[in-house]
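Report on the structure given below.
So that you can tell them apart, the chains are marked A, B, C and D in the order they are listed, and the count of residues begins at 1 in each.
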Amino acid sequence: MADPMKIRAALQGDVVEVRVLMAHEMETGTRKDASGKVIPAHFIQTVSATHNGNTVFSAHWGPAIAKNPFLQFKFKGGSKGDKVQITWTDNQGDKRTDEATIS
Amino acid sequence: MIRSKIPLRTLAVLASPALLLPVAAADDYRDYRAEAMAMVKRDFQAKGIAGLDRLEQDGVQAVCNRTGNHPPADVVRRLEQDQMASVRFPADGKLMGDWKEGEKLAQNGRGFTWTDKPGLPVGGNCYNCHQISPKEGSYGTVGPSLYLFGKKRGYGEDIQKYVYSKIYNAKAYNLCSEMPRFGYIGALQEQQIRHLVALLLDPESPVNQ
Amino acid sequence: MRARFILAATAGIALAMPVLAQTGASADFQKFRDVMEEDNPAELFEARGEAYWKTPSGPKHASLEQCDLGLGPGVVAGAYVQMPRYFADVDKVMDAESRVVHCMVTLQGLTYEAVTRQPFSNQSGTPAHVNVVTYVAGQSRNMPIAVPQRHPKEREMYQIGKEIFNFRAGPYDFACATCHGTDGKRIRMQDLPNLTRPEGAIKAVQGWPGYRMTGGLMLTSQWRMNDCFRQQRFPEPKYLSDTVTAILTYQAVNAKGQIYRGPGIKR
Amino acid sequence: MGYTRRQALKAGGSLGLFSALVALGLVKPGDAWAQAWNKGVFETKSVADALKALGASAPTMTADVIVTAPDIAENGAMVNVAAVSKLPKTQQIAYLIEKNPNTVTAVFDIPPGTLPEVQTRVKMGQTSNVMVLVKADGKYYAAQKEVKVTVGGCGG
């Protein structure tokens, strides 16, 4: 099972800055293991962020996003104490959702 | 392999009493070097091509270790002569190879680690420590810049011999130099050293542009 | 950089170039290293380590919450910047990693062999003790290095570490000091901290445990020492051996008073 | 999954459609987004093909798109790339890495209320241009920056 994300959501003026670290291999599918076998591709394909039920950000990724991905984005309309929810799904059907409170 | 190559005179110097005196002050005297060597002997294990024999110091290493890399001048002189005597120049007297091959060797930092396969060829490691061709911006600064080496020092036979022997055995010129003895230890073969000489001394080499 | 080079060469001051080029690239690396440090994937491993620390496991079904890292059972905050140190229960100096492994064996009832079967992170995974060490290190963030030198064995470790640091051997005649004994040097583009001085030593101390961009692995000081000896063309130092502790003691004591900002992020 | 490029093109040719469907309440946000991952876009192997697949054949190069990335990356495995668009009505931001095996690395959807600013880290196999493509008010714009990837020390 995938590990939790590390999410920071901070209100600066009227903008919420969200910074996320995700635990994921982001395997490209082109590398070989020690025995010479190709390691199958395993990477996050979609990320979406919601605030009060609205999607405030979404991303589509290829395998060239660095391992243990980092993502930063900013949106307006959030208040301290609100929750921001982040979900990723990968090409093997794994999925993870975590949330953070805006500080 | 390395030990067997130590010139006899080196061993004789090692046995001389002056060098065996500890450096530490008398009142807090404790032979930490000896304790360190004993600890190292306990704590290392052979792996891949890196055997425990590598922990045995050869003459030059032992002298440099004992003196903090500053042996007395007369010892330096004698041992540098020994090291110089170890240099084997090519039988045909040809010291220049192909600078393009030299550049490849200079880029290559592989060889002699426990993850490296036994056998040759290994790299020259040159860019790890030296600026060489202006086309390679990722270079180290442990050693001096070699850019424009030939242009500054000339292209004659004397300087070719100097470069060849310096790569073969840097300790012939500076006993406790940080530079490995690539020819002496058998890391680089005759033809490879020629290529590196050409990298520095071929007027066509980017080094001299 | 190349444009600058041609300019300088034309002006006849080619000798000044290495310095210029070095400053430019190092500054650029540092700028983006700072960006990475703010959101260092090492935090993901800290979180795993914290969970392991607090969750009962092993044959004795115990957590590590009673582990004594030198400041008393269970005290994690500030412990890392005071290690390696002498532990009376084993009558020896241990680094953080040795101590964590010791706690997993004594508190959780795991065998030493089981814990250390895979000492370092690799593509197949990150061992639990590596996560725990990362967590422990993170709990000393922004604290000054204060490795004790009170016990005779702590002082002895420092002195022996210093000797090993300067010990030249192997086919290339390398010592640790060959690369890490003077200021302002680099290998290729990587700066080589001078570990004999506080400002340099802290770079090594806070670099590991560190998240290594190459391979994206969480690696510890024990790994760093292992790989340094590999690059030094030495044979392999045994995992958690006194030799490694001695060198870690030497560099940590040299970093005395410097603020620890790890876990690190490294090339 | 199983959503092919052909279907995507038939369905409207751009990711914008899904935002529209979401807005209309016809599709749950997460599902729509997950389904919309466009294999065709992510498998392109040149900037020209990538732009075509994204429906942006000839983007206008502009200083209103700012790409922040290192001149020299310390390690190609982890290169921080930030993009800021100063163009009004920015809807989408994409990262294209010219010399990577697959050109398109990321496509970010910027709904109204979200700032056209994003930052992530990418893998780069070699020195390459990094292009940031922006869709704003239905038109495409771009800016790019070269990032040098260096050789590591000690022979790796």
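Here is the rule we go by: a residue touches a chain if its C-beta (ideal position, glycine included) is under 8 Å from a C-beta of that chain, and two chains touch if they have at least 3 such contacts.
Source: prediction; values computed, not measured.
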item: Pair joined by more contacting C-beta pairs (B-C or A-D); value: B-C
item: Chain ID, smallest distance between chain and overall C-alpha centroids; value: C
item: Far-end chain from chain D, centres as C-alpha averages; value: B
item: Whole-Å separation of chain centres (CA-atom averages), chain B against chain D; value: 50
item: Whole-Å gap separating chain A and chain C, where each centre is the average of the chain's CA atoms; value: 29
item: Where chain A and chain D are represented by their mean Cα positions, the distance between them in whole Å; value: 16
item: Junction residues of chain C, two or more chains touched; value: 1, 25, 186-189, 213, 216, 231
item: Of all residues in chain A, the ones touching two or more other chains; value: 26, 66-67, 70, 72
item: Multi-partner residues of chain D (at least 2 other chains); value: 72, 77-78, 80, 121, 150-151, 153-154
item: Interface residues, chain C side, partner chain B - complex; value: 1-2, 5, 9, 14-15, 17-18, 21-22, 25, 156, 159-160, 162-164, 166-175, 178-179, 184-189, 192, 229-231, 233-238, 241-244, 246
item: Complex contact set, residues of chain A against chain D; value: 15, 26, 28, 30, 45-46, 48, 50, 54-67, 69-77, 87, 89
item: In the complex with chain C, residue positions of chain A that touch it; value: 3-4, 6, 19, 21, 23, 25-26, 33, 66-68, 70, 72
item: Residue numbers on chain D that touch chain C, as the complex places them; value: 70-75, 77-78, 80, 121, 150-154
item: Residues of chain C touching chain A in the complex; value: 38-39, 41, 43-44, 47-48, 123, 211, 213, 216
